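So that you can tell them apart, the chains are marked A, B, C, D and E in the order they are listed, and the count of residues begins at 1 in each.
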Amino acid sequence: MPERHVVKYTFLKVDPAWRRLPDEERAAHKREFVAACEDFASERLLRAFSTVGTRGDTDLMLLSQATNLERIHEFHVVLAQSGLMKWCTQPYSFLAMTKPSEYSDESRLEVRPAHSKYLFVYPFVKTREWYALSADERWAIMQEHIKVGKQYPDIDLNTSYSFGLDDQEFVVAFEGDDPARFLDLVQRLRTTEASSYTKRDTPTFTCVAASVERALSALDGTPLAETAHA
Amino acid sequence: MPERHVVKYTFLKVDPAWRRLPDEERAAHKREFVAACEDFASERLLRAFSTVGTRGDTDLMLLSQATNLERIHEFHVVLAQSGLMKWCTQPYSFLAMTKPSEYSDESRLEVRPAHSKYLFVYPFVKTREWYALSADERWAIMQEHIKVGKQYPDIDLNTSYSFGLDDQEFVVAFEGDDPARFLDLVQRLRTTEASSYTKRDTPTFTCVAASVERALSALDGTPLAETAHA
Amino acid sequence: MPERHVVKYTFLKVDPAWRRLPDEERAAHKREFVAACEDFASERLLRAFSTVGTRGDTDLMLLSQATNLERIHEFHVVLAQSGLMKWCTQPYSFLAMTKPSEYSDESRLEVRPAHSKYLFVYPFVKTREWYALSADERWAIMQEHIKVGKQYPDIDLNTSYSFGLDDQEFVVAFEGDDPARFLDLVQRLRTTEASSYTKRDTPTFTCVAASVERALSALDGTPLAETAHA
Amino acid sequence: MPERHVVKYTFLKVDPAWRRLPDEERAAHKREFVAACEDFASERLLRAFSTVGTRGDTDLMLLSQATNLERIHEFHVVLAQSGLMKWCTQPYSFLAMTKPSEYSDESRLEVRPAHSKYLFVYPFVKTREWYALSADERWAIMQEHIKVGKQYPDIDLNTSYSFGLDDQEFVVAFEGDDPARFLDLVQRLRTTEASSYTKRDTPTFTCVAASVERALSALDGTPLAETAHA
Amino acid sequence: MPERHVVKYTFLKVDPAWRRLPDEERAAHKREFVAACEDFASERLLRAFSTVGTRGDTDLMLLSQATNLERIHEFHVVLAQSGLMKWCTQPYSFLAMTKPSEYSDESRLEVRPAHSKYLFVYPFVKTREWYALSADERWAIMQEHIKVGKQYPDIDLNTSYSFGLDDQEFVVAFEGDDPARFLDLVQRLRTTEASSYTKRDTPTFTCVAASVERALSALDGTPLAETAHA
């Protein structure tokens, strides 16, 4: 039987003062950070994203996944020992788990981001009116939502669940190579009935896929080359 | 006659700059923190939890309990003298008391977390519409809520009361060893009638149980070993 | 004819870095703070409270009262010259005045906290629906509220008014020696009709009465001895 | 034809660390600040106010007025070069313009604070329901509001408009010598019909009138003497 | 076929401590910042604006535009290497794209600010009730809105879309030379039916057009000369 996974979205902001440190010191800090990531990633999913240029309040996002919460905790303990984390704050942090969907057979017990250029992430809370509907009513409303989504097959969705674990109910992560297509999908979804039951769907993050090394370089040096996503 | 207890949830965030101090200095800071905790814990309940990896805005939570508020005050005065507290902020703080429940005979006059792996904590405020219902109506609605909870016997609940003492009405603390089970319970409770009277139930904290020493080690060193919860 | 008074609640949070200063320097900072308080208190009401252990965002509260606003301003100018204030922020500040009540003959033109162990303070804003009721309707609703309060004679109330002077409409300050009694009163008041017209009643502060010296000691040293409230 | 004016309310908070600088350095910082103000005030309205003792999040407010926005911009550029501004943040800032009122003939194209002791300032936003009323309905409702105001002739009003220029719709500034009178007026206005269309009227600032020099002295030295307002 | 563009509004706030650095160091920091801007601007739209004197929480705004998001990301990576950015925070950041309008033929696939003196920018979110209307109803309501706008031909509008990419739905940027005219237009629009479907239209920024060099000079030196906009 497939296992459910713990999924963690960790957003980091580097203190501007870090950029004033000597090159060698910053390079050492980044090597330690990479080492912590490589250790975790050897057996589990770890993805890095840069938010430089898309958000003002965060620079880097790590998506980590494991079959138990202890391992996620341990990863962050080890990461905190890297020199870089001694200059970072975590302005956002979303803890979630995978779970079969009530509304779709295509749900996943693992978050499996493909190698799209972008990940669009937001925490999601529905109104309590939504939960007062019958299961059948909710199912019918979601079918319209899912049908619209299928018109955008180039956009893929990873939903995880945070009820009781963190401030949101869901963490929604869409993937795609073209921000315009995703924008059009989200605007189109505003007119569905499901949309009227949205209580909160912000903050919304546009995350640029990158290796850990490239996401770190974007903090103080060379931009991610476009070819990195080819 | 059993006494009511004062219950305090104290969340700490360590300044990233603390991690840049020499090892010996940090070790001394942690020893002083442990000493303050041991002194309090010798006669009263004190539990420590790590939130490294589950939240971005807090690293450590202390749950302290005493039969009077003076003792809670004194504990925090002594704690503040430890070297570690000179580098900490308290991003969250919940003051509460125990009280017999209107809705259940199983209420407790002490918060007694068993040795589960996780504590799930959130401040809770009900809408004023809830309080406009008759006592009988509220009782009936709560029975459905309690009945759902009983379907998850592996999840245990400690409720304390903050009316007039702090910003929330209740501090709710659930315990369990499996985050997925708790997530499923909370999602299931969304469809109860009681849920529609929720005004606020965030922030929501997933706290990893630990000894004080281990919770401190998680700030700058070795992760909590999984065996610590065996 | 009795005069109305200006009432000021000043909440202070000490920078954790202050605790790292040499003992002598901190002692001098506190002496200067005490001197400013003694000067004001020689002719006017000044009370000090510690919030160490009850709140995470504030350490100390000063309640000052004078017959004119200039004197309150002057007190804070002088206070700001003390060494301690050079390391403090003011996370909360409530400016108010006394005024005869529309609903009760027992109102006061001075805030006169007795020597209870605790002061429970919160800023209060009513909904605009409240003000759309007729004066008679409001009076009738308040009588139920006052009647409940009289069942808790050990809890005393000081209300002051902030309309147009500060962000809240009222500053409400209850006194008592037993937090459990106050908690029970506030929970009981939730079911009154008056309660449904509450727009905001947070943040809520549990303040531990102390001399200025003792409230300062609680910042970096010895806790308030329980006997201080005997 | 009389010109409309740009009106700017600039609130400053001094870093507590500034108070730890040597006396001479602070004196130089203040002289530079005064010089920037005098230059602007030579041809335009500039008023200074102290909020020491009335607010915890701001120390000083400058009210500047000019017939064009460029001049306001330039004033703040020059001001920023003073030593004092290198230690200040601007927790609040309101940009507005004068405009003839729809509801009263007494409107002004200049903000002209007389030399009252206090200025009571707040940003103001009305509900969209207000704007859905007909112009006649709005006019009628405002007449009741204006009539109440006329019962307090010792309180004078300066309204300016921020639609599209800043976060609020209006900046409202009342003047008077007696805070109790203003408090009573605002409480009285709560029961008018106009009041039910208020969306936001906070933060509310009680500002103590002062010369620039005296407002600066209140930051680190002598209080404003009461005679300064005689 | 014309391409859609990515549009980025980046707001910067300089740490007051930067102003305490030696003149030469600050000059070097600014030269590096200018170089990064010139590189980007050689082939793409880049506009600079000063908010000194109009806002308290931001000093400078850069509007950058490119046909793909990678280029925007790269620009911000390069910009972050300038000395100035090592002393800056980004209090606001809006990511958007151009898109043909549903309601007007005059929409643009490029943001093309003319050389007006001011840009008035705000993020915009409509209520979900808006999206529950039929397309025809929305179209009719928008015609009234557009008609009012046409009465102010000296005010020009650039709308971009952020659905799914950032926290807002739209970023609205109006241009004009006279703030009073824009204020009057926005106040007039409050009484249109479209206005009742506004959920959020703040923060609102009044931005003073400038060359990059002049916007930087406004941080620590000479104001923008009025002639710069002649």
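Please note the rule applied: contacts are C-beta pairs under 8 Å (C-beta built on N, C-alpha and C of every residue); 3 or more make two chains touch, one makes a residue touch a chain.
Here the structure is a predicted model, which is why all the values come from computation and not from measurement.
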Original post:
Which chains are in contact with both subunit D and subunit E?
Top reply: none
Original post:
Shared interface numbers for subunit C and subunit D above half of all numbers used, same, or below, different?
Top reply: different
Subject >> When subunit A is superposed on subunit E by its C-alpha atoms, the rotation angle in degrees, nearest 5 >> reply: 70
Original post:
Taking each chain's centre as the mean of its CA atoms, how far is subunit C from subunit E in angstrom?
Top reply: 44
**OP:** Averaged over CA atoms, how far is the centre of subunit A from the centre of subunit B? Could you give it in whole Å?
**Re:** 27
Subject >> Interface hub residues of subunit D, defined as touching at least two other chains >> reply: none
**OP:** For this assembly, give the contact graph shape among line, ring, star, complete and other.
**Re:** ring
Subject >> Going from subunit B towards subunit C, every chain in order around the ring >> reply: B, C, D, E, A
Subject >> Interfacial residue positions of subunit A with respect to subunit B in the complex >> reply: 4, 6, 8, 10-11, 15, 69-70, 72-78, 80-81, 85-93, 95, 97, 99, 128, 131-132, 161-167, 169
Subject >> subunit B contact footprint on subunit C (complex, rising order) >> reply: 16-17, 19-20, 50, 52-57, 117-118, 120, 174, 179-180, 182-187, 190-191, 195-196, 198, 202-204, 206, 208, 218-224, 226
